[in-house]
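As written, the chain order gives the labels A, B and C, with residue 1 at the start of each chain.
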Amino acid sequence: MHALIQGVILGILTGGVYALMASGQTLIFGIMKVVNLAQGAMVIMAAFLAYQLFTRFGLDPFLAIPITTVLMFGLGVGVELLFLRPLRREDKSELSLLVTFAVALLIEGALSLTWGTTYRSINASYGNSSWTLWGYQITVVRLWAFVLSLVALGLLFWILNRTRFGRAVRATVQNPESARLLGVEAQWVSALGFGLGAATAAAAGSVYGLLYPFYPGSHYDLISRLLSIVVLGGLGSVGGAVIAGVIVSTSSAIVAATISPAWSEMTFFVVLILVLLIRPQGLFGNVDRGAI
Amino acid sequence: MTDLLSIHDVTKIFGGVHAVDGASLNVEEGTITALIGPNGSGKTTLFNIITGYLKADAGRVEFDGRDITGSHPGKLYRQGLSRTFQQARVFPQLTVLENLVVAGGYGWRQLFTSRVGRRDRDRAADLLEEFRLTDISDLLASELSYGQRKLLEFAAVLMSSPRLVLLDEPTAGVNPVLIETMERHIRERNAAGITFLIVEHDMTFVMRLCDPVIVLDAGRPIFAGEPSVVQNNALVLDAYLGS
Amino acid sequence: MRLPSVLRGGVFVVLLVTLPMLGLQHWFLNLLVFVLMYATMSSAWNLVGGFAGYPSLGHAGFFGIGAYTIALIFKDHVLTTGYEPFLLLPVVGLVGALIGWPIALISMRTRADVFAIVTITFLFVAQTLAFNLHDLTGGSQGAALPVPRFPADSFELPFYYVLAALLIFTMALTFATMRSKLGLSLVSIRADEDKARGVGVRTIGVKVLAFSVSVGITAMVGAVWAYYQSFIYPQFAFDPLVTIAIVLMTFLGGRGTLWGPVVGAVILESGQQLLTYQLGAVQLYLIVYALLFLVIILLLPRGILPTIEDRLRLRRRRRRTDAAAAPPGDHTPSGQPDAASMLGGGAS
């Protein structure tokens, strides 16, 4: 029982980080109907950047976030403009998958060249400290990661609901045709939206580096998890991604605590299959029947 | 005369906007009924709901006495309800003939038979002739002009011998000669027993061809009747001028 | 002057059969083995990714399944003739198809995005399982296969001929599909799936069939590879680079065509094998493949063969309309719009 609750606590804390990464990804899908297979790679890239800043300049990963976020935002906008924008409309849905996949590999290759393929981790001084609350261990790092995720998600929600850009995004997501009629500049929304998605990956990246050892190939594991979360939440629903992130992370942690850590990796795959069998559109997604 | 199609209190909401708002209407069998209304009145949304491309948030759709609410487009197609799209949706990578063959339908066992066989050509021959597509039957659909594509889409939809055909703006972007051709085909098919429900903006086309005319505004029908009566109705004029 | 397809096929078969008899060196035969492997896998991938327009990112997973299946069957087995693994290939193919079938059923019901998600996740899960299930697969230590006692100077030949047979089989299958209503259905799905469904095409059944056959063939290639290597590791049996390579080759040559994947495989795999000695580092492959892929998608999206075909067709049409130009004095406009002028912007 103790293990179970410990697992739940762990799951919720890390769930925040996954929620952050997944929300960026599902946002990109909502705006452009593109599954960004490079999301995981962007997280890892940000992790490496944070690692470099930490080992070179002693900059705390949390403090590196403003830097990495801005950099990755730019990268995201660049990727959209360079590789996704030129795709013709008929091919877009078919090819965008492969394009983002290629970008992910490009990032992986570049990271391998720069830092090699050994595992790295950001070993901050507070890395091992933890508090014990009612007999349950709460690591400092995870707690701060959770807080950061909440802050970042809050920021994301604020952007989406209170700014002009956010309103444009929401209009585009719900009804691209009407949005265009209302004068929403779809091109800009796409590029900035992709940048925003990349920025969420960056914010999560620093944290990721603190929590787990990583190497350039870690993005496969990560993207698989993120995709399961996004599908569970419903492609395009940011709120759904947040809830799903916590659910999947918690389930995974429970499995790790009660059965074995090796099988916890399967949890997200099982979740994916279950969602597709029972309710393919996820918790908050829309059934798409192809009306134009 | 029976109602081939009837919808009851159908509602569809897009992020707070009632695109279709408690709409109810009937289409009598054997008619060429028009569905008109200002931009944003919900015509295409209603079409999408009737034909199963969109799920309504509330309401019921009945076809030939059967409840078809939420039914899948493919299923409805096989039951005799088909539609065309505003943008003339054809299969660009297939030839004109192949477009017709696909629309004609085939069973499991035929999957392993010839792509376009003798029987297929025979089945499509009449339609090709009627729509003057025989000479270009081997051209890829992507090579056709917009008008030709509209004709092809229309012809294809007839391959399944439908009972009700929903036409989504058949004259949009099409030259006057072709409009006349379309009108002729619709009349001929109607005489042969097919019911039509047409969304249109071209008023002269509607007045010439359709009876009755249903007017939609802000997601629900506000008037229905003969074309000449509709033209002068205050409510209708208000809807068009007011928006 | 285009040779009729059957003649072209015949020439190709003869070429394949006689090539090794030219007394080629080992490194070249080895190159050919790998070219055949990738040509077969690309052709198989083409059925799903090219014709139906559903890009599977997990085919490497079935490659690995084939490899480990044959390894498991022949674990601690003593070979007699050395041809037993080849005889059991159909079994491996069946295993691959049987595993692929439910995966297709689950993932192909909605959209191509979901399909790609499931396949990429599947690859990763398969690799993880190969690492974790020690007792079955040997885990990270790998699995061994019995080494056949083929004569050293012609060691590659049996593998070459088996793969050549697989390639011919796959191409024949592709050819038959293109000529049948199955092919028609697949292309209609790629052209406009929602409309295809809307006119009653049995989209799910057709997609699942194509996928099952495609992965069954891929599994068989994996089995031959495993036997050729004699020792397999999870990270190489379930290697994302394999998926990327076959996708890239199909795109390069031209997806949805018969010869495209083969052309792509010949170009890329020969290039890769030849450059292995120069570059070696895996990281470089990744970057090169990824960049190449992006370049192809942006600059040559239809691939080599369709682009050539388009140019030829354009030239033929121009010649035809020039010949049909009205004689002087005739000012009546032609009833048929000029096809060549409408050609611009044709979808792939």
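Note that in this section a contact is a pair of C-beta atoms (placed from the backbone, for glycine too) under 8 Å apart; a residue touches a chain by one contact, two chains touch by 3 or more.
Keep in mind that this is a model prediction, so the values were computed, not measured.
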| item | value |
| --- | --- |
| Identity of the most central chain, Cα criterion | C |
| Chain pair, B-C or A-C, that carries the greater number of C-beta contacts | A-C |
| Between chain B and chain A, distance of the C-alpha-averaged centres to the nearest whole Å | 43 |
| Whole-Å gap separating chain B and chain C, where each centre is the average of the chain's CA atoms | 40 |
| Separation of chain A from chain C, taking each centre as the mean of its C-alpha atoms, in whole Å | 32 |
| Contacts with two or more other chains, residues of chain B listed in rising order | 53, 72-73, 85, 89, 92 |
| Multi-partner residues of chain A (at least 2 other chains) | 90, 289-291 |
| Numbers and ranges of chain C residues touching at least 2 other chains | 190, 194-195, 197-198, 347-348 |
| Residue ranges of chain C touching chain A (in the complex, touch as defined) | 53, 55, 57, 106-107, 109-114, 116-118, 120-122, 124-125, 128, 132, 190, 193-195, 197-198, 240, 244, 247, 251, 282-287, 289-291, 293-294, 297-298, 301, 347-348 |
| Residues on chain A engaged by chain C in the complex (per definition of touch) | 29, 33, 35, 37, 83, 86-88, 90-91, 93-95, 97-99, 101-103, 105-106, 108-110, 112-113, 117, 216, 220-221, 223-224, 227-228, 231, 235, 262, 265-266, 268-269, 272-273, 276-277, 280-281, 288-291 |
| Chain B partner contacts - residues on chain C that touch it in the complex | 178-185, 187-188, 190-192, 194-202, 205-206, 336-337, 339, 342-343, 345-348 |
| Sites on chain B touched by chain C in the complex | 51, 53, 72-74, 77-78, 82-83, 85, 89-94, 98, 101-103, 105-106, 108, 110-116, 135-136, 139-140, 142-145, 148, 156-157, 160 |
